[in-house]
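Following are the structures in question.
First chain A sits with chain B, and in the next complex the same chain sits with chain C.
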Partner chain A sequence: MNFQIATKGLATALLLVLAGPAFADTPADTLVIADVIDDVLSLDPHEVSEVGGVLVTTQVYQNLVSVDIEDATNIQGQLAASWEISEDGLTYTFTMNPDATFSSGNPVTAADAAYSLQRAVKLNSRSAFIITQFGFTAENAEERIRATDEGTLAITIDEAYSPSFFLVVLSAYVAAIVERAPLDAHEVDGDFGNAWLKSGAASVGSGPFQLEQWDPAVAIVMARNDNYWGDAPAMARVVIRQVAESATQRLLLEQGDIDIANKLGPDDHIAMADNVDTTTLNGPSSVIYYMGMNQREEPLNDPRVIEAMKWLIDYQGMADSLARGTVSVHQTMIPGGFLGESEYTPFSYDLERAQALLAEAGVELPISLDIVVWNNAPYVDFAQALQATMAPAGIELNLEVVDGGQWLERYRSHDLDGWMGLWGPDYPDPHSNALAFAVTSGDTPDDKETLADRFGFAPGDLSARTMAALRETDAATRQALYEEIQIEHTDISPFLFMFQEQRAIGVRSNVEGLVLGVTFADDRYWNVTK
Partner chain B sequence: MSAALQHPSPRQARLRAARSFARRFRRNPLGMAGLFIGLALIFMAIFAPLLATHDPYAPDFAARLTAPGWNYWLGTDELGRDIYTRILYGSRITIFIVALVVFTSAPIGLLLGVVSGYFGGWVDAVLMRITDVFLAVPKLLLALAFVAVLGPGIVNAALAITLTAWPPYARLARAETLAVRNADFVAAIALAGASPWRIITRHIFPICYSSMLVRVTFDMAGIILIAAGLGFIGLGAQPPLPEWGAMIASGRRFIFEQWWVAAMPGAAIFIVSLGFNFLGDALRDLLDPHAKVRQ
Partner chain C sequence: MTTKITQRRGAQMLQKAAGFVRALASLALTVAITLIGLVALTFIIGHVVPIDPVLTVIGDKAPQEVYDRVYQEMGLDRPMIIQFLSYLGEVLRGNLGNSMVSGRSIGSDILRFFPATFELAILGIIIGVGLGIPAGIIAAVKRDTWVDHIVRIVALIGYSVPIFWLALMALLVFYARLEWVGGPGQIDIGYAYSFSRVTGFILIDTALSGSWDVFVNAISHIALPALLIGYYSMAYISRMTRSVMLEQLNSEYVLAARLKGASEYSIVVHHALRNAAIPLVTIVALSFGGLLEGSVLIETVFSWPGLGNYIAQSLLGGDINAVLGGTLVVGTIFVFLNVASDLVYKVLDPRTRALT
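Take a look at the complex of A and B:
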């Protein structure tokens, strides 16, 4: 046996296992992205809510309006050319853009737009709450969302809000406009073509790309939409590949097998700093990392126990050493960069203070809590750091490290002590986060369960005040209201806010024109050249 | 020549056999190496607090991912914890899992095998078909399914491994029993009025012990590997426990730059598994009655 041949063979086999099929440089007209897409369950734009799915529908579908990525208060028409708001603030009349066409070549009509929004309401998926909060139900959707003629769409909402709020929500992924005719053709048992569309077999949007293929947990392939009514993208294909490990993404990026690595850990960014072929692209992110404690459970229903836990986190130490520049300390519910942002950061690691609070609460120590954690960096690292800093005060965290599916399931089940996770806003308005963290279902217009309900949080008058802030039409007053609400919320809520993500992705140096999104999965690939 | 020397008492005979066994074992260098590794593992586990240089659980962010050196002999992991100390404490988990699996699966296998072999007939058919079912599914896969049902954790992982580990023992014990069930000495005891239970526990069990011992020693390496495998995919010990497989899993992220995070616990698993294999090899050479005849 020739030892050298054996070693080489083994090394090659190892590389193949690590790298998957090895390509040379990616083709000049193809953008290859490494990401984690095993959370994608559906590619129906009115059903997606996972990071990977929203990233895809952002490239494929368009909305009536879109939000300027530089300035979230600047709302631009996309499929709608212009709009008018009635005196009472209840009826929005959109004039459709006559140039817009679907990937089939057919024009985007007001009828399609009305059908799309009605479909989002009637499908009633997990993300439907984003638009049903305006009082739409399956029964009234057709009456309140209607095409008055070929090019005019009239929408009536249930109460007057700050006008920018409804428009911002219409720019969210769940309000995507789809073409009606092919969906009608593929409808089975009144499912609005959902079974056909969710499988990723085709797409019926007007965006720069169209869906070509989806191999679940392997790859998603998008092709240029040749009937695109705007400037045609330079890339003929966009491929998103499942590469779970940060180290593997880095290896592929350095070899030129991929153009963009979306899930690189901080250590890999630092290790690549000297490589001239790659650069790190920084961008804003509104993702907030937090640990939620379930206040249905003893002794978490004692606010002093919750406050003690907030004093038992080494926020700065974790941000500096574990996350190394990929997060900044953030302790309120609205992310920095949004209207209503607050720099309130009252908590730091203070063992004595926490011990005093626990003594005052008179709880029996040690307290043992089961925490559900996603088996993914950085969650496991964060959870272990908390475990270590809380133990000296007598709070023992037992980590249940589970995969993404189980992690989400446990969080919806109400029977856990604590949950380590993240929250990204669905649309760039403070209400997206405020509704989740501070409002209980009794105060929501559609009576849907919120994040606060999931963790058994009784926010008192914060819930009503948050809804009042939404109705405030003056931006400066609204900002002041949110600042007040947040300070109180940070002090009393069972959410241990820790960090806001600082987005950093790895790209090949020749990649230009990539626009990073502002919410949680709205990066834009259509202007990319390389 | 006295009568005592010509007909040694059973106790003297056992003592003599043990001495001869020890003498022959010492002549087997690999066996000695295996024994040494096994004893070193137990020593590490018992004296972990004295041998440790750091706290196995307390993170030290400043020392995150330090290379092996004077202060941290085997380097530190992603939370700045000393890997040497964690491997020491991890040996306790390894021994706990191995012991739990061995002390549960070997008796179950032995009992089922001997009962099956001694009674034969439909008892044999039923018990052996159940054994076949368990043997038909790959071990790790079966353990995985059990842990998925029971929930992650060390004890559950050990129980899951037990459920997959007993069938080979049952097969082995049955084969040994079949060889002696019609022997004259068994017939003699039965004629003397002994109950089946007494025959099984007092006369057939001891015959199975040596081959079981060999098999168990061999299996220890496999048990360690399966336990590490379950830890690696997050179904075994939960953080912050320093289970070796889980340590490798967390080091995977840094494998290009900070190789020691995954390599050190990997080396520990490798050495211990190798040690048990050596030990099992040596024991088989010495205890296998068929091999003895050939000598």
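Take a look at the complex of A and C:
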């Protein structure tokens, strides 16, 4: 054996390794994002609902209409050039944009659009409720969603709602428009090509990017759609990498191995503050943190006890010392930035007031309550803070810290005292939250259990008024209705609203044009340059 | 005469063959019982833990009817024993089934994640054995000297410092500050799509790509996690080697050898080490098995797409099929490592040969 050659080779290898990878920066035409994507189960837009899946859908698929990021009340045509609403408010007629094409190069037709929305209804995935709330069922979908000619789509809904509500729902991921032909070709046992699309084998959208590769729990790669009918994105590739640890994301970002770090904790943002190569981008998130109390239980059925608890939270102190810039105090059900947002923040920490309320209620102290908490930041911190501030008034919280699966399971059962969690709207319309928090099943069109039902909340006429706000066609009046409803809801509901999340994303300083979304996973990457 | 000898030889060979078949059959039976027991146990644990796999699929907002449909689709409405038997039947046909949550084939999922873990484990055990055994021997021979103390302190640190902390510190120093190695992940993004994944082993695939840069980049990424895993197993192996060697060096046959005037080298290498080798084989085999399960913490910190994370994620998601598949694979590996170390015993120790 040529020992010398071997030694030399080894020495060179060592030297090369030790010299360090001089190629640390990401390629100039590739945007690399670190996020947690190991929970992504499907890349079928009519089925996704995890952050990673929705994020990909946003880049790859388009809808009939889209919502202006700056102003959620402004709805613009995307694949539809224009639309008309019938006198009775039930039929929406969309004129398709003749320029729009799929990534295959084929035009986006009204038939594709009709197929897409019917598919979303018939697949009946966990996200289908967003669109089936307009009365669509597998049986009636073809009759109510139909292409009248190549460029015209007519949709008939079951009740006249505020038009902005229906249009905003059409902008949500579950209403993405897909190309029919390839799905027909890959259909197995009437699954609408779901198995094929779910596996990430391809994408059939019209968006600026198309799916190139999905390596589950490792990376999702999107490539520029060369047939894109709009302005071509600057990035040839967008790679979303699985990096679970916040500290690891920070190291990668500081070294330039990633361009965007989506899951950085407050500690890492603070530690990065002096680094000139990176910046922190802030944007609102529509996620609301709250603690829900079950009013089926004694003494939580006494509104005075609930109100006392609302005075026993050190809102600002928690936001400053625990969340450190990742939340802002928010005490109503609709997130800031949405139509009908309200700045109503009546509660602050006031022990005496809480004690007076408890005395008035005449309940026996101490009250012992079991609270289910997710074993994840920041829920445990928040719950412990509440435990500390409620104890002096005689309300003892026993924290039941559980993992994510159990946390969701307990949330569906009706046998807990309290549940600490979050709510993220599925589409940027106030109804997404209002339906959950303020409407009970008797008032929903399909009699489905809502969040309010889960916590045994009896909202009185608030429930019906919330549904009335949904049917209000005048935007200004609708806004006023929500503002009114929220004040009352905040005062009487068993939901202890605490914070609205503020997103903080770490980015390399050379990254420009990143647009942060309004719901939970609709950031837009197509204008990014670096 | 010759025919008689041939006959006798033939009879001996037949006997040997029969013995061999019997040994093989009993081995197969033991392995089968162990694995079925493993599946049964995992299955029961999987159904006792309070995690609802349906919720992993449908999330928190889907209405009850979707819940009921998915519950049925997953086959959870069938009696547990039926679920178990149908699963066992599939496994016996060599099919690990599909994930209850993602619907992906578990066999191919494991094939995707296992090579990454296997590769790290091989490098780790090479480092662990290559450094751990000599260090343990030296420490035992130089007992209570500074050499011994250093070996013990190094081992103690590897043993007691949380490995994720060590991993983060190592990243901070060697990746972020000194820039000697690549960061978390298997390869730089710039190279990630420039070679084809044939075997799933990153070092082999990058070597096959024929591009030196890509290969070196892969080495620079695997170096740190491999060293850490190697250090971790070295800590264990050196400690065990030291104690096994001490036991041997204090035994009477060593004293006898000394009285005979055998050299120290001969005593350590020919007498003590030879006897220590048998327990060491078990120690090395088991620590290799441990590495093959994948280290969840190392894999998380280094964003390494390995089996440990896969099993842990599946467990948290209530994806019992995936957990069962992963456990079966790891269990099978352990069983075979045990069988292999039994075989090595026979090579090392003549006394164990007669038993079969």
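For the reader, a short list of remarks on this structure follows.
By our rule, the second predicted complex is superposed on the first by the 479 of 530 C-alpha atoms of A that agree within 3 Å, B and C clash if a C-alpha of one lies under 4 Å from a C-alpha of the other, contacts with A are read in each partner's own complex, and residues count from 1 in each chain.
In the analysis below, a contact is a pair of C-beta atoms (placed from the backbone, for glycine too) under 8 Å apart; a residue touches a chain by one contact, two chains touch by 3 or more.
These numbers were taken from a predicted model, which means no experiment stands behind them.
Of the two partner chains placed by superposition, only chain C is touched by A:D426; chain B is not. With both structures placed on the common chain, the touch criterion links A:L41 to chain C but leaves chain B unconnected. Of the two partner chains placed by the overlay, only chain B lies in contact with A:E400; chain C stays clear of it. Looking at the shared chain after the overlay, A:D257 reaches chain C, while chain B stays out of its contact range. Look at A:S125: by the touch rule set out above, it reaches chain C but stays clear of chain B. Looking at the superposition, the partner that touches the larger set of chain A residues, chain B or chain C, turns out to be C. By the touch criterion defined above, A:E245 reaches both chain B and chain C. In the overlay built on the shared chain, the residue A:D320 is in contact with chain B alone; chain C does not reach it. In the superposed model, A:E409 makes contact with chain C only, not with chain B. Where the contact sets of chain A with chain B and with chain C meet, they give residues 245, 247, 251, 403. Of all residues in chain B, those touching chain A in their complex are 57-59, 61-62, 64-65, 78-80, 152, 234, 238-240, 250, 252-258.
Contact residues of chain A toward chain B in the complex are 245-247, 250-251, 265, 267, 271, 314, 317-318, 320-322, 375, 377, 380-381, 383-385, 387-388, 391, 398-403. Chain C makes touch with chain A in their complex at residues 50-53, 55-64, 66, 69-70, 101-104, 109, 112-113, 168, 171-172, 175-176, 178-185, 188-190, 192-193, 216-217, 219-220, 223, 300-303, 305, 309-310, 313, 316-318. Partner chain C is touched in their complex by these residues of chain A: 13, 16-18, 20-21, 23-24, 26-27, 30, 32, 38-39, 41-42, 49-50, 124-129, 195, 198-199, 213, 215-219, 221, 239, 241-245, 247-248, 251-252, 254-255, 257, 403-406, 408-409, 411-412, 426, 446, 448-449.
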